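Listed below are the structures to be examined.
In what follows, chain A forms one complex with chain B and a second complex with chain C.
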Partner chain A sequence: MDMVSMGLLAAMGALATVAGASEDIESDAGSQSNPNSQVQLAAQVGHPHRIYNKAISGEPPSNALYAAVAAVTASVLMSGFGMSAFFAIAIGAVVAAIFNGIYATTAYMGRNTSQARFNQYVYLDVLRTHTTTIMAHAYITVFCVVSISYIMTASWLPIQHPFPMPLVAFIWGLAIGAIGSSTGDIHYGAEREFQSYPFGAGLNAANSGDIVTKAEAGLRSSIDNAWFCAKFGGPITGMAFGLTVFLDNWRATIFDPATQGGLVVLTGIVIVILFNIYNRIMESRARKRYGPYPEYIGDIEA
Partner chain B sequence: MIFDANTALYIIEIVIGGLFVGVGVHFVPVGGAPAAMAQATGVGTGTVQLAAGSGLTGLLSAGMMMSVTDNILLVVASGAVGAMIMIDATMVVGNWSYIYGVGVPPASAKVDYDPITKNPQPPYVSQGTVGHGIPTVCYVSGTIGGLLGGAGGSLIYYALMNINHNPGLSGMFAIGIFVVNAVLASYNIQGTIEGFHDPKFKRVPRAFQACLVASLVIGIIAVLITGGA
Partner chain C sequence: MSVAAGGGEAKLDKKKLMIYGIGGGIVGIYLAGILNMAMDTNYFSFLAGLGVIAVIVMGSEAVRMVCAYGIGTGVPSIGMMATGMGLVAAMFGLSIGGIAGPIIGLVVAVAFGYFIGAMANKIIKMNIPVMEESLTMLAAAGAITLIGLSVLVAGRIDYELIMGSVIDTGYIAVLFIAGSLAILHPFNANLGPDETQDRTLVHTISTGALAMIAGGIASIAIIGSAGILTILIAAVVWLWAFRWYFQLVKRDSAGVVGTGLLPKGEM
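This part shows the complex of A and B:
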């Protein structure tokens, strides 16, 4: 372990945390992924809305695409034109953000026009204000993911991953999408979309599609949702991706994989066991604090 | 390339890796879209998405390990541990979201008592849902899923690397074979599964057969293509 490697690892962890947070807010501002099923359903059950609607694909494939596009562009600029890494990654992220903007626009137009029979309109002001917000967040995500990939693969840096940079970026893009879709989106789907229902319960299947369409003043837009989710869903997504990138690489930094491979694996196993114990403690505390649901009428005792 | 006993061994390794992935996906607790609204137990995403996210994070660890050692055990173990770390971090933070963001305790609707902790489940399931969050049994099951997925992906990568010694090419083909098996398994799951305690888990033998055939065919093709490169 040398100090440069630890410093780079810390930088990777920090970049991953920022990337995770912006990825989640991007998917909330654009309403991608699973909670978007309710946005799609809303107009059909009589709640036309001004929420953005860009379920381009699952988050992992779309983020993998953006990250790979940016990494390929940056690689070409660095190797073919001798550009510095910072500017090459920045330009690569711009290209990825443009891809994101194109997909977001076509998804919003396509999905909302197909729901015209349910009185769902295409709001051009929503398109104009939200698409740039989504692209900006996608830019931050991609810039951070490709920077992590560059740190892992650059020949002059101590971490020497054998995969080419675009492949590393592709995998981290897939991972960040999977994490964003699994963590922060729940805050958007289960809480923000259904704030009119009491806190502390999952969505009753009978209320599907009854999303909140009114804001504190006027009609709710997806930027209102991004504002709300940036307080909890975004940061915890960042922590999840930051933990993944940091812990996965930390064990290979404090021990030398070439001579202490067993210790690298053993450290990982200890981390996994600690995660399992922590989850159990968290579950017990939640059950104790919240208690059973009063409306439960079965005969199994809590 | 010469088709010898070693090549056959590599194909067998790819098939075993594919089977690990196919079976491992059944352990991953995913609630699909309903789980994102705290309407179903498990992680609020798709089976392939989470399995691929964790398995391929494991592939990065395995790739790193294989660049410094040829020890198959270390490479596969490193990949498995990398995948377990990713899926565990995701499930812990997913539970933060359920417990602190939505205010629901983790509860399964497929069993009356958690098979590991023996905690009663139905009183903690909110009305109109089929559970929410990631209770201990699902968490442990997900960790096993990460282990199998990561080990499977790494084994495929190990076999391909021995054929062509090109990390980029092997990594790309390993991702492809991984995703084929994950998708096949997710057809078998049909959307949601809570883990090894879920009645749907009994369908594993069907996925085993399908993944065996798919991995064998794709293994032969992958060996021929990457070996000839």
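This part shows the complex of A and C:
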């Protein structure tokens, strides 16, 4: 393992950590993906709200779109106009952020309009203040994801992945969406939307849609939610994606995939087994410390 | 029809939409391919993009039909399936058909979609009455979308050229995902009990134009300034459709307000 490969590996891990954190906050500021169903239900069970409803699709397809758009734009600028990679990726990320903003705006308008019978308004100030926040986070995510893809595919760098850059970016876009959706959403969905219920109570079907719509002062906005998720949900997603990118490339860096393919696969299996053991220990410790939950003793004042 | 998922009364007949969608898509692709070849230029590539917008509108109506049966969270999956089915058929058609590739791709996609729909209903026993019909429409929409966007990027209906300029460069990634989201996003974004067909389909025109912009960006590397013309035309279509969509939002919503608290009487 030479120094250049080691440095690139560290850079990719760092970029992935930043991308994971910003991706999760981007999805939370818009209530995309899993927690979205509760925002959607809220008005229907009598709680109209001022929370952003960014129903673009699941996070994997939408992030794959942003990453692919940015990577294609960057690739066109580099191959067609000879632009340097840094500026090409930055411009590509701007184009992707514009796509993100358009999709987010139409989703907010459409979803709220389709709930007219429940008195759900379309608030234009929510659109103005939140869409820019969402776009800014999408820009950071996409810039990092496309940078990782560039490092993996550039002909003058040692990794030289056989796939073209847009395809690698597309796959990393899917991956970051999947990790953001599975890791970070729990913090927003279970703990923020339902913070009026006892911690760890789970979601009773009868409580569906009964999300918190008021803030410490005034009405809750999705920027409050982004602030909350930036404390734990975002960083933990960043760590998950950073570790995924780092460990996956680490095993291919310390062993040569061409001549030591078996060792690369074996290292991967060992990493997965170690993480399973670690997760199991953590889960049983958490259960011992916080559960089982006492009998129902009436609603706790929120 | 399920109230939760939406799918209000359809003002536009689906048969009409199918004729406009498939007809518009095929005509657009062939006009682009033949005019480009005849004039030895690439400036007519945008016609394939306009055809793609027409067929995406049909695909969006198919998503609307099948998802109105209450598979709310399945909307993205249905859209991805459309282009998934379409990609296989499109590449098969182009590889064996030469200039007839788009037609062969369409025929294969239709058979493919019907077969998958029949499997879903007869073997998995989903028992959704419109399943076969919707998946047939979706596969056709997916195939024409991908063929159209590929012709938009490459400038010709030519398998070798499309392989070199769309698949090998990796631009297929953006065509695939932008095409999928153009088909699935409108119904997903307008989902709810007060969804209306015209609002969803007008929204589809704007997402179709976004797919055309994405294809146009990719095409700059292949056909140069003709790609910029594609982007400009797509941007005009997008702006027009978005303004129309906003008018329909104002028409349908409980209220489009600059700012404000929650409606009176609410918790």
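As a working rule, the second predicted complex is superposed on the first by the 294 of 302 C-alpha atoms of A that agree within 3 Å, B and C clash if a C-alpha of one lies under 4 Å from a C-alpha of the other, contacts with A are read in each partner's own complex, and residues count from 1 in each chain.
Everything that follows uses one rule, which is that a contact is a pair of C-beta atoms (placed from the backbone, for glycine too) under 8 Å apart; a residue touches a chain by one contact, two chains touch by 3 or more.
From a predicted model like this one, the values you see are computed outputs, not experimental measurements.
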Which superposed partner A:37 touches (first chain B, second chain C, both, neither): both
Touched partner set for A:115, first chain B, second chain C, both or neither: second
Contacts of A:196 with chain B and chain C, given as first, second, both or neither: neither
Partner chain in contact with A:58 - chain B first, chain C second, else both or neither: both
Which of chain B and chain C A:84 touches, first, second, both or neither: neither
Comparison of chain B and chain C by chain A residues contacted: B
Which of chain B and chain C A:73 touches, first, second, both or neither: second
Chain B versus chain C as contact partner of A:164, first or second or both or neither: both
Contacts of A:132 with chain B and chain C, given as first, second, both or neither: neither
Common ground on chain A, meaning residues reached by chain C in one complex and by chain B in the other: 37, 58, 163-164, 167-168, 170
Residue numbers on chain A that touch chain C, as the complex places them: 37, 40, 44, 46-50, 55-58, 61-62, 64-65, 68-69, 71-73, 75-76, 79-80, 95, 99, 102-103, 106-107, 109-125, 163-170, 213, 219
Chain A-facing residues of chain C, complex: 4, 6, 72-73, 75-76, 79-80, 168-174, 176-178, 180-181, 184-186, 188-195, 199-200, 203, 206-207, 210, 214, 217-218, 220-221, 224, 242, 245-246, 249, 252-263, 266-267
Residue ranges of chain A in contact with chain B within the complex: 33-35, 37-38, 58-60, 160-164, 167-168, 170-172, 174-175, 177-179, 181-187, 189-191, 193-194, 199-208, 232-233, 236-237, 239-240, 243-244, 247-248, 251-252, 257-258, 261-262, 264-265, 268-269, 271-272, 275-276, 278-280, 282-283, 286-287, 290, 292-293, 295-296, 298, 300-302
Touching residues on chain B, where the partner in the complex is chain A: 32-39, 43-46, 48-50, 52-54, 56-57, 59-61, 63-69, 71, 74, 77-78, 81-82, 84-86, 88-106, 112-113, 117, 119-129, 132-136, 139-140, 143, 167-168, 171-172, 175
